[in-house]
Amino acid sequence: MPLLSSILLTPVITLIILLLMPQKAVRGIRLICAFSGLLTCVLSLQLWMGYDPTSGGIQFEEIIPWVSAIGISYHLGVDGFGVILVMLNSIVYFTGVLTMWDLEDRVKEYFAFMVLLVIGVFGVFMSLDLFFFFFFYEIAVVPMYPLILIWGSGNRAYAGMKLMLFLLAGSALLFPGLLAIYHHAGLNTFDIIALSAHTFDPQFQIFVYPFIYIGFGVLAGLFPFHGWSPTGHVAAPSAVSMLHAGVLMKLGAFGILTVGIRLLPEGAAYWAPTFVVLAVIGIIYGAYVAMRQTDFKFVIGFSSVSHMGIVLLGLNLAVLGSVAATDALNGAVFQMFAHGIMTALFFSTAGYIYDKSHSKTIADFGGLGAQMPRAVSIFIVAGLCGAGLPGLASFWAELLVFLAALKTYPIAGVIVILGLVLTAVYILRVFNQAFFGAPNPKWENLKAQDMSGLHLIPRAILIAVLVIFGFVPRLMLDLINSTTVAFLGNF
Amino acid sequence: MLEQAVIYTFVALVLIGGGLAAFSRQILYAIIGLGISLLGLAGLFLNLGSPFVAAMQVLIYIGGITVAIVFAMMLSIAMSIRPPNPDARKLGFAIACAVIFFGAVAHLIRGAQFQQIASPASEKAWSVGALGHALLTHYNVVFEALSLVLLLAIIGAILIARKA
Amino acid sequence: MTLEAYLLVGAALFSLGLIGALSHRNLIALLIGIELMMNAASLNLMAFNRFVVTDPTTGQIFVLIIIGLAAAEVAIFLSIILRIYRAYHDIDAEKLTKLSG
Amino acid sequence: MDTLSLILLTTISPLACFIIAIIFLVQQPRAAQGLVLFGSAISLLSAIGLLVQGPVEPLRFLWFQSGAIQLQFGFILDGASLMFGVVVAFITACIMLYSVGYMAHDPGKTRYFALLSFFAWSMLSFVYAVDLLQSFIFWELVGLSSFFLIGFWFEKPEAAGAARKAFLMTRVGDVGLFIGILLILQLVSNFDIPSLLDPQTGLSTQVSPGILNAITLLIFIGIMGKSAQFPLHTWLPDAMEGPTPVSALLHSATMVAAGVFLMIRLHPLFMAAQDTALIVLSIATFTAILASTIAMVDTDIKKVLAYSSISQLGFMLMALAAGSLFAGVFHLITHAVFKALLFLCSGIYIHAYHTNSMAEIGRSGGRRLKATTLGLIIGGAALSGVPPLAGFWSKEEIFAQLGHNGFNIYMAGAFLAAFLTAYYTFRMIFLITKPDQAPASDHSHPEPLNMKAPVLILTLGAIVLGFFGSNIAQGLGLIPQHHSVILMISAVGVVILGILIAYFDYGRDNAPRTGFISKIAPLDTLFTNKWYIDDIYRVTIVAITHALSRILHWIENHVLDGNYDRFGLGILRTGAKSTRVQGGWMQLYLGWAIILLAVVALYLGLQ
């Protein structure tokens, strides 16, 4: 059995089993999902081990022609980036299932939608065919709406609608862009590899690239099209926020990388300075806006905007072909992974606190650290990772991107590094207002409900991942670097 | 000459009846307009060489359908009730639609090139016999289907209209 | 009279039927408009039958079928009108809004 | 044992203790405490073992590779790191021992000891780091652990606020440092400290003086934050909100020392960058005076000590900037010992009398705690530079260096600061030992042995350490300055003058018990208000940040989101309008259908 198809089919089979299971078998449903999550983790690990970084490039390819008349084939394959993102998705999937273990409301439907989302994400990370890429992309986007609408909280109808409209508007930009690429190449194929061998007319590239970039960028929290993301994350249930901010936003960045940059390098280079400015604004802007939020999840949501800005900054710096391109791309991909794990941890923990207290308002708490020391400690770890503290994974990513920025656009570099202080400001603000200070007697009852046992497992996994890659970045960086070198070598 | 006058009379009947049917607010007048129009139409059919169809038109349409409408009207509303005030916007919209449609069709008709046959087919081909023959041979499926539709319509009408 | 003249008469009749069908609120008046339009079609068929077609039975049979169908249609339509009248004590098309959201 | 296992034992054992304690021993504070003490002892012993073995070549491991950048992490084992490593391990051990008594009844004991261990790990790793980026990582972790320890009593809003302030202010400095080291990285693609410092091939030979100045200046901004130099010093006094042993650790061998130690590490670079050295010298001198003046008027014993730390750090940086590596290291080490001693003493007072006010302590009978008072006096004398105690020798070295290089203005500043130091130190001592009224009754806690022992050990250290100057210089491979007699006499004279005035103001019978500075009202107000620096920050940087975030938040809600919403609502409204087309009015549909049909027919007909 080919490895990539196995990873893709695991959630598919899970979904089928889930649909066949009786509504009441809640325990069985959870177990099956957890098992499938674990299985994808194991398979992804195997993928990681099996990927040969010395040769780089795309490996584990599988091709089955599908509609040969218009050149669609089921073509899977991963490069180093894909391996890492598949791993990310597996981890977030597994921990997401564990995070939602206590869900009682319409368990079967919930997990079915969630697994559908996971399928879409896996598909995008593996597809080497534009058609399937877009197909899986839409699969990943669509389940968000019911997930937020049914299991969400707060202003969920508004949030779900907003999210859906933004993402679909992005797709609406994307679809003509993809078709234009297909049509213009005239190769009668959707195969990304074949298309990347084709050199597109520079004028065409310059015209089409913004469609691709903004279309995918909407999903990646590109300023100023980020409005859906904080709102959506706030309203979504924890595991959905985890998957969404943790993985789904990376789909956007991955799309820019695989479709935009790989196929349209000259267009990307033409637009990069503009988009660098947008990314820098996004980084600073997200941090400033996060400073004034009154809701935990809003803070995290805007921090995501800020952190995804770093990814986008790295991607744009990478296409400029400067000496720092390698570092920029390495950093961007590393940041995708690190931010994915970090936000998953954030939302998982914020979700836990919300589940127990039914409050997300920062000012409602105060001194929660005394009442829920474990949950709060875990949140603090995530917060520190957000602040780019060394020893946690995102430090390396930020280091590389900042380095590249400093080299290419020194002023932009200095600005984003100063952004680190802003990040610290808003993170510490949450700590001080919600966790430190005199304990609020209102939450005394939470003392008995601190995280324990099963609840600690997913968070512990995520923290472990953050710390391991924080101290031994080589484990991942070698893989990324080999792919980056091959990737940029094509330019 | 006389023939022309007769034809124009029929045309006038058709259009006057149609106008009465279209613009009258009183249902009874509308029905009468419909009848006049249908009568004119039957005359035109006759003029077009088909006495049988003209007869059928008079029999079924004027004799059957129009009368049925009159009955339905009498069963549903008292004849003395004044119909609601005409809705000017609606009427305007309807006239606008009609004008646009008529303009378009007229334009098309004037611009069209029809492959007309030199002279009408032989008298025999227009006979009722030929019609019956065609109906029972070439068009027999349609004929049967139509019978079935009529049957179903009758049953349906009874079912719908009977007291619940 | 030429083919064009017949067609124009048909078009005019159709337009009148259209006005009837679009402007009235009374269901019976609507029916009358529809009947006029069907007859306009019949007239067209007959005219084509006379001036274009080699086998003159075709158009006549078409018209006969139309007449038959019209009879069926009217039967159903009138029974529906009666039913509606019984339910609403009115046959104003604009008051039949039960299915509208 | 070989060097690698020793160094690993030194650095990793506190980390291991931290992990075990925080994960497994939350419910068993006594076990956690024992484990952490044990780990600290191992760490100290192996650090001593390393020192005994003497300097060896750095150990390096490939750690990170991206494009052209290749980073090798490892351990540098030269004189400075070996000696300072021992000091760190030693003082940490003393403070942990002391904490056993100080924190005996605290419910968060495990967390406390685990964090101390984490602190020790990050500081030791920082000291031994061979790579600049590795240094930076542990530099940040030192900052992080200070954050947690300052905010240890996080239920107190002041403590949480102080922790945040410390983190943010050092963070501001760190950004400068980060930019500085990233500049290095992009210039030479290498962070290895020995090769950066290499006189033949190092950084200073590869870049122009301007860039070198820029880089060192950026690095100095980081040092400014960490070592609390003007204008980034205001976090340090607030950091007193943490438990006193933490303050002792922070002020002696870890947090603030990290800044100075980084400058020691990169000393050749700073020497090559003349302009930066001058800037450092001016800032350090100014800071030394500024902090001393504030210490003169403050009444809180810990605050006085905190400002004294700032001022002494200024001294160290002066020495380093003036060119003497030895003087800097020497003062760093002696200061670590006597400042830890002073803080531990103040901790015993606070523990006993539950007050931070020096006058209160004196009135409550502070001098009855014999060992503590002895420690306070010896430590204070060492701080003031009374011969032959530790501080005298190291300060002497600094004066000598300043004189040697002809920095006369700075030397005058240093003398002023030394005078003020003597004055405020003895003000503190007199306030405690010569209270204005006899203590009423004795309700103090006795000094527990595990708190007394570290005090006595450190007292001993403060007395004898000064005589090891030449050994330290030897360890660094340097020769100490030749001391000039005139300089020595004037230094002693300054100190004596300070002590005398303090005696006149506070010590003699019928003393006025107000400082001489209170006679000059504007200065007194200025000093009492800490030169208004905090207030200036409040109305400038803090206010600007808040205003900006408010503005952008408004933009987010009203301009961006608002317009998206408006856009969406607009679509909804047009939708609502267009649903009228589907109002169930079938005649309308029919009409449109007909019109459409006509149009299509026309179009087809015209073709």
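Letters A, B, C and D mark the chains as written, and numbering starts fresh at 1 in each.
Assume a contact is a pair of C-beta atoms (placed from the backbone, for glycine too) under 8 Å apart; a residue touches a chain by one contact, two chains touch by 3 or more.
Every value quoted in this text rests on a predicted model; they were computed, and no experiment measured them.
Chemist: Following contacts chain by chain, what is the lowest number of steps it takes to reach chain B starting at chain A?
Modeler: The fewest touching-chain steps linking chain A to chain B number 2.
Chemist: Please report how many Å separate the Cα centroid of chain B from that of chain D, as a whole number.
Modeler: Here the centre of chain D sits 101 Å away from the centre of chain B.
Chemist: Could you put a whole-Å number on the gap between the CA centroids of chain C and chain D?
Modeler: Chain C and chain D have C-alpha centres separated by 95 Å.
Chemist: With chain centres taken as the means of their Cα atoms, state the distance from chain B to chain C in Å.
Modeler: 7
Chemist: Can you compute the centre-to-centre distance for chain A and chain C, using the mean CA position of each chain? Integer Å is fine.
Modeler: So the centroids are 62 Å from each other.
Chemist: Among the residues of chain C, which are close enough to touch at least two other chains?
Modeler: In chain C, the residues touching two or more other chains are 18, 21-23.
Chemist: Please set out, as single numbers or ranges, the residues of chain D touching at least two other chains.
Modeler: Residues 587, 591, 594 of chain D touch two or more partner chains.
Chemist: According to the definition already given, which pairs of chains are in contact?
Modeler: Chain pairs that touch: A-D, B-C, B-D, C-D.
Chemist: Can you list the chain C residues touching chain B in their complex?
Modeler: For chain C paired with chain B, touching residues are 1, 3-4, 6-9, 11-23, 25-26, 28-29, 31-33, 35-36, 39, 42-43, 46-47, 49-58, 60-61, 63-65, 67-76, 78-83, 85-86, 91-92.
Chemist: Under the stated contact criterion, what part of chain C meets chain D in this complex?
Modeler: 18, 21-23, 30, 93-94, 97, 99-100
Chemist: Touching chain B in the complex: which residues of chain D?
Modeler: Contact set of chain D toward chain B: 587-588, 591, 594-595, 597-599, 601-602, 605.
Chemist: Spell out the residues on chain B that touch chain D in their complex, using ranges where they run on.
Modeler: Touching chain D: residues 90, 93-94, 97, 100-101, 103-105, 107-108, 111-112 of chain B.
Chemist: Give the list of chain D residues in touch with chain C in this complex.
Modeler: 583-587, 590-591, 594
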